[in-house]
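The chains carry the letters A, B and C, assigned in the order they are written, with residues numbered from 1 in each.
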Amino acid sequence: MEQSIWLALLSTGVVAGTPILFAALGEILTERAGILNLGVEGMMLVGAVTGFMVTMSTHNQWMGLLMAIVAGGLMALIHAFLSITLRANQVVSGLALTIFGTGLSGFLGKDLIGVPLTDTFKPIPIAGLSEIPWIGDILFKHDALVYISYGLIFILWFFLYRTKTGLELRAVGENPAAADAAGINVFAIRYACVIAGGMLAGAAGAYLSLAYAPSWLENMTAGRGWIAVALVIFGTWNPLRAFLGSFFFGTIDVMGFTMQTIGIQIPSFFLKMLPYIFTIAVLIVVTRETKTRRVASPEALSIPYNREER
Amino acid sequence: MVEMINITKRFPGILANDRVSFSVKAGEIHALLGENGAGKSTLMSILTGLYRPDEGEIRIQGNPVDLQSPRDAVAHGIGMVHQHFKLVKPFTVAENIILGLKGIKEVYNLKSIDESVAQLSREYGLHIQPDSPIWQLSVGEQQRAEIVKILFRGAEILILDEPTAVLTPQEAKDLYKTLRKMADLGKAIIVISHKLSEVLAHTDAITVLRGGRSVGTVRTKETSEMELTRMMVGRPVMLETVKNPVNRSSKVLELHNLSALGNRGQFALKEINLDIYGGEIVGIAGVAGNGQRELAEVVAGLRAIERGQKKVDGNDLTLASPKQMIQAGVSYVPEDRLGTGLVPNLNAMENYLLKGVQKMPSGFINWKQVAQETAEVIKKYDIKVPNPKNPVKMLSGGNLQKLLLGREISGKPRLIVTMYPMRGLDVGAMETIRSLLLQERDRGAAVLLISEELEELFALSDRLAVLHGGEVMGVVDPHKTTFEDVGLMMAGKRMAAHG
Amino acid sequence: MGNGSFSRWHFEKRETTSNLVLVMVPVLSVVIGLIFTGLFIALTGKDPLEVYLLMFDGAFGSAYGISETIVKSIPLLICALGLSIAFRMQLWNIGAEGQLYMGAFGATWAALTFPDWPAYQLLPAMMVAGFLAGGLWGLLPAIPRAYFKVNETITTLLMNYIAILWVDYLVVGPWKDPKSFNFPISPQFTEGAILPTLGTSRIHMGLVFGVVVALLLYIVLNYTRWGFEIRVSGESPAAARYAGMNYVKNILLVMFISGGLAGLAGMTEVSAITQRLQHGISPGYGYSAIIIAWLARLHPAAIVLVSVIFGGMLVGGYSIQTSGFSSTTVSMLQGAILFFVVGGEIFVNYRLVRGEKGGK
C-alpha cells in the first residue's frame, strides 16, 4: 500500500515535470546562444491557449500541439527582434513578453474557461519497458509527449556537445566577437535559438492544456515558466541535469496531494507554496556552487552584440 | 601579395583612414607603425573584412577583391591575431581552431583534429597542446593558439596586432623567430606596433601612419629611430624624460608578507614585501596577469588581504575598506578608466564628484561648488570638454585620463596607484601624464606605477619591482639594470635586491 | 550591423540625444502599442477604435470615471516610484505585486490588533507595519542577490506567488471574518483604520503619499549623497566600489525601500478601498508599475503622469468587459507598449541610417 503511494508520487512527478522540462530545454538553447528570455511564462500561456483552441476546432491534439509550437515561436520572434536587432534590455523585453503573453492568452481564451476537451494526450504504456518494476511505473506509463521529452533531452545534449553547429552555437553564447571573427553568423544563430526556445515553450504550454490539466484556465502556468528559467541555472545549462531538476520540481509540485492522501494535515496554501520556496532555495544553493566550480553561465549571456562597438 | 589603394573610412565624426595606401610582399615582415588613433586598427579591420571601406580598393595577388565579411577575408587567405584574442575560453585549442571552419563534418572527430593541429604546430615550431582548454593557457600560449588557428585556415597573409604587448622581451624574441620562419616559408606578415625598437630590430619594411594618413613606407635597413619618430609624431620629440633627483621622505606604503586571492580563488599575490617612500616613483614591471591588478586593488582596498599586513603612514590598514583607503590619502587610477575610474554615462561634473561626494558633510550636494571645482580642474589640465553636461563617454582617451588623474590628485594624496596610465594615449597626452606623475613625486607623494612598457618604467621609476606569478622577483635600480635583466625577472628569475 | 541581409539599414551612434527623442520614444510606444493591440482586437471582428473610445470614455469621460482613474493610479504610482529606485540600481525587482500583498498583510495586522486606536495612531501604525512588511519581503531576495549574486528577477517573481498564497491562507484561515458566510475576507476594519477621502469620492489620502514620495525621491536622487550613490551604483557597480561606496549595503537598502513603498501601496488599498483584507486585492498593480517606471524613464515626475494614464487604462479595461472582452486585454496592451518602449530605447543612442556605410 505504502509503496504504491510513493510510486504514484514519482510517476505523477514525471508528468508534472514535463511542461517545466520542455520550457527549460528551450531556455537552455536560448541562453546557450547568449540571449536571456524571461518571457517563458508568457510564451507558455500563449502556447497553452493556442493548443487548446486549435484542438477544440480540429479535434486533433497533434494539430493543437503543432500550432502551439508555432505560436510560441512567433512570440519568441518578438523577443529576438527586440534583443538581437534592436539590442534592447533583455530583462525588460522578456518581462514585456510575459505580460503581453498573459494578456493575449486571457484575451484569446476568454470563452474557453472550463470548457471540457475530449481530444487529449492519453497515457500509452510502452510494452516491455513499462513492466520493469519501479522504473516502468515511474517512467514508461505516460503519454506520447513525455516520451518525446525524453528523446529531446538526448538530442539536445548531443547537438550541443557533439556537433559542429552545437559548437558554433555555444561559441556565440560565450564570445560572439570571436565567433563573428571566425565567420559564424551570430545574428542567424541567435535568432534561430531564441525562436526554437519559444517553440519548446509553446509545446510546454500545450502539454499543460492538452495533457496535464487538460483544460484552459487564465494564468494556468502559475509560475512554471519562471521555475523553468530557474531550472536552467540549476541544470548548469546542461540538458541532462535539467531532466533531474524538472523531475524534482514536478515531484514537489504534486507532493501536496500525496501528503493529503496519507493524512498529513497542512493547509493546502502551504503545500502550493512548496515549489516556489524550493526553487528559490535551490537557486541560492546552486548559484553559490557555480561560483566555486567552473560551470558559469554563458559569458555573453544577456549582453547585446554589436560588431562595431567592442 | 596584398595591396590596399587609397583606402578611406569614415566613422561618425572621425575620418579614420584618409586615402591610405599600403602593400606587402610574400616572404616579408612588414610593420605598420603609428601612434594610438593613427588608423592602424581600422585599416586592418578593413583588410580582415570586419569593416568595409568607404572608398578605395584592395588587391590580393594583383586581383581586386571585395571583402564583405570576415569569412571572405579568410577565403582570400587573410588571417589576423587581434590584440584581444578572439578565443572562446571554455573551449579547447582544437575546438577553437575548427570554429567556423569549412569542411568540418557536422558530427566531427575531435581526436583526428587534435592530431592535425599538433602536426601543423610542430611544422612551424609553435608548441601547443590541442586538447587543453584556453582558460588554462598562459597569454603566450593563447597567442600561439591564435597563430595556429589562422595557419590552419590556410592563411597566406598574417596580421598581428601589437603582438608583443603581453610578452616578456624573451618571449617577444621567440615570437619574431617564429614569424621569420613563416615568412621564409612564403607567408606575408604584417605587424601592427607602436614600439620603435622592436620594429627596427625585426622587420623588413615599415609603413608609418599618422592621423589616418600614410606618411610613407621605408626599408628597415635604411631608416633610423629618429626618422621614424619624426614620421610618427610629425615633430621631433624629447625621448628622454627630464627628472629631478629623487628626494625620499618617510615610508608611505608598507606591504609586509602580503598574500591575496585572485578572481578564480587561486593565490594571485604571494608574500609580497614592498615599501614605498614619499617622493619616489616605484615601478612595477611584469607580464600582464602576474598579479599587477590584484596588487593595485589590494592597495586601494578593493581586494581582501588573505595574509600579511598593509600600512599607510604607519597606520595598519590591512582590513580597511575602499572608503577608508581614500580617507587615508590613497588615490587610484585604475586600468579600466571608463567603467571603473569614470562612469561613462555621467557628465564631467558628476564624475569629478565621484570621490568627493563622500566628503559632503551634510549629505546634500552643493552642485554650484562642484561645477566650480570641475571647471578649475578642466582649465588647469587643459581637458577638452565640449559640454560639461554631456556624458564623459564622448571624451577622447587622453582627455578621460587627464580628467581621471586630475580628480585623483586634486585632494593632494599621500599615495597614487596608477595602472597602465599611458596606455592608448597619443604622445601629447602621454607627456602630460608623465609630467603630472613627476610633479606629484616632487610634491612628496608616493607613486606606485604599474606598466607593461619597459621604456616608460625605466624613464619614470626611481625603483623598479618585478612581479612574476604573484611574487616579487626583486627590486632594482633602473639606472643600474638592463632591459634584459628585467626581462629575465619577468620570466621568473630571481635577482638580489639592490636599490 | 553590416551583416548580410541587414546591411542596407543600420544603426549609427548619436553624438547627442535631444530631449525630443527622449519624449517621443515613450509617446510613440504608447501609440504603436495601441495600434498593435488593435490588430488583435480587429481579429475578433470588433472595431478597435470603438473599443478604445469606450475605454477612454470609461476612464476620463465622466467625473466618476476620472475619480476612479485617480483611485487606481494611487497604488500604481507608489509601486512604480519604489521600483524606479531599484531599477536605477539595475536591480530587477519584479516582486512589487507580492510586496504590495505583504504590505496589505502588515497593515491589516495592525488594524486587527489595535482596533480601538484612534486614526491618528492607528493609521501611522498601519503605514509603518505595511512599509516594514513589504520592505522585508523586498529585502529577503536582496540578501542572496547582494552576497551571492543570485538572480533577483526570478526570486522576487516567485515570491509574489508565495505572498499571494499567504494572504489567501489568512483570509480563509486565522483572519477569516466569522460573519462572512465562507467568503475569503477578513473582518471589516474599524473607523480608525480607514484613510480619509476627498469629499464623497473614493480618492483617498494615498494620493498625497504618492505625490510626497515622488517629490522626496526627486530631491534625494538629485541633491543628496545617497541619491548620487544610487545613480553611480546603477551605472557602474565597479565605479561605485572604487569610489568607496558600499554597494552591498545599498542593494539591501534600495530593495528594502522599494519593497516598503509597494507595501505602503498595499496599506492604502486595504485601508481606503477594500477596508479589510481579502482575496485578490490587486489586479496586478505590481506588474503594471514595472511598465510605468520604465515608460517614465524612471523620472519621478513622469511616473506621476504615466500612473494616471495607466490608471485610466485599468478603469477603461473594466468598461469594455461589458462588451465581451477579457480584463486581461489591458495587460496585453501594456505588454505591447513595453515592447515598443524597450525596442525604441535604441533610438535614444542611435539613429537609423540607410545605405552609406553598408557598401559602396
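In this section, contacts are C-beta pairs under 8 Å (C-beta built on N, C-alpha and C of every residue); 3 or more make two chains touch, one makes a residue touch a chain.
By chain, with names taken from UniProt: A, C = ABC transporter permease.
Quick caveat, the model's predicted, so the values are computed rather than measured.
Taken as a graph of touching chains, this assembly is complete, with every chain in contact with every other.
Look at the CA centroids: the one farthest from the centroid of subunit C belongs to B.
The interface carrying the most C-beta pairs in contact is the one between chains A-C.
Chain centres here are Cα averages; for subunit B and subunit C they lie 46 Å apart. Averaging C-alpha coordinates per chain places the centre of subunit A 28 Å away from that of subunit C. Each of the following residues of subunit C touches two or more other chains: 2-4, 13. Across the assembly, subunit B contributes residues 51, 69 that each touch 2 or more other chains.
The multi-chain contact residues of subunit A, meaning those touching 2 or more other chains, are 307-308. Remark: subunit B residues 12-13, 51-55, 68-69, 300, 302, 321-323, 325-326, 332, 334, 336, 339-346, 350, 353-355, 357-358, 360, 363-365, 367, 390, 394 touch subunit C in the complex. Only residues 38, 42, 78, 81-82, 85-89, 91-93, 95-107, 109-110, 185-187, 218, 222-223, 226-227, 229-230, 233, 267, 269-270, 272-273, 276-277, 279-280, 283-284, 287-288, 291, 307-309 of subunit A touch subunit C when the two sit together in their complex. If you check the complex, the residues on subunit C that touch subunit B are 2-4, 12-13, 15-16, 223-226, 228-229, 231-232, 235-236, 238-239, 241-246, 357-360.
Residues 162-165, 167-168, 170-171, 174-175, 177-184, 292, 294, 299, 307-308 of subunit A are the ones that touch subunit B when the two sit in their complex.
Contact residues on subunit C toward subunit A in their complex (touch as defined above): 1-4, 6, 13, 40, 92, 94, 141, 144, 148-151, 153-155, 157-159, 161-162, 165-166, 168-169, 173, 287, 290-291, 294, 324-336, 338-339, 342-343, 345-346.
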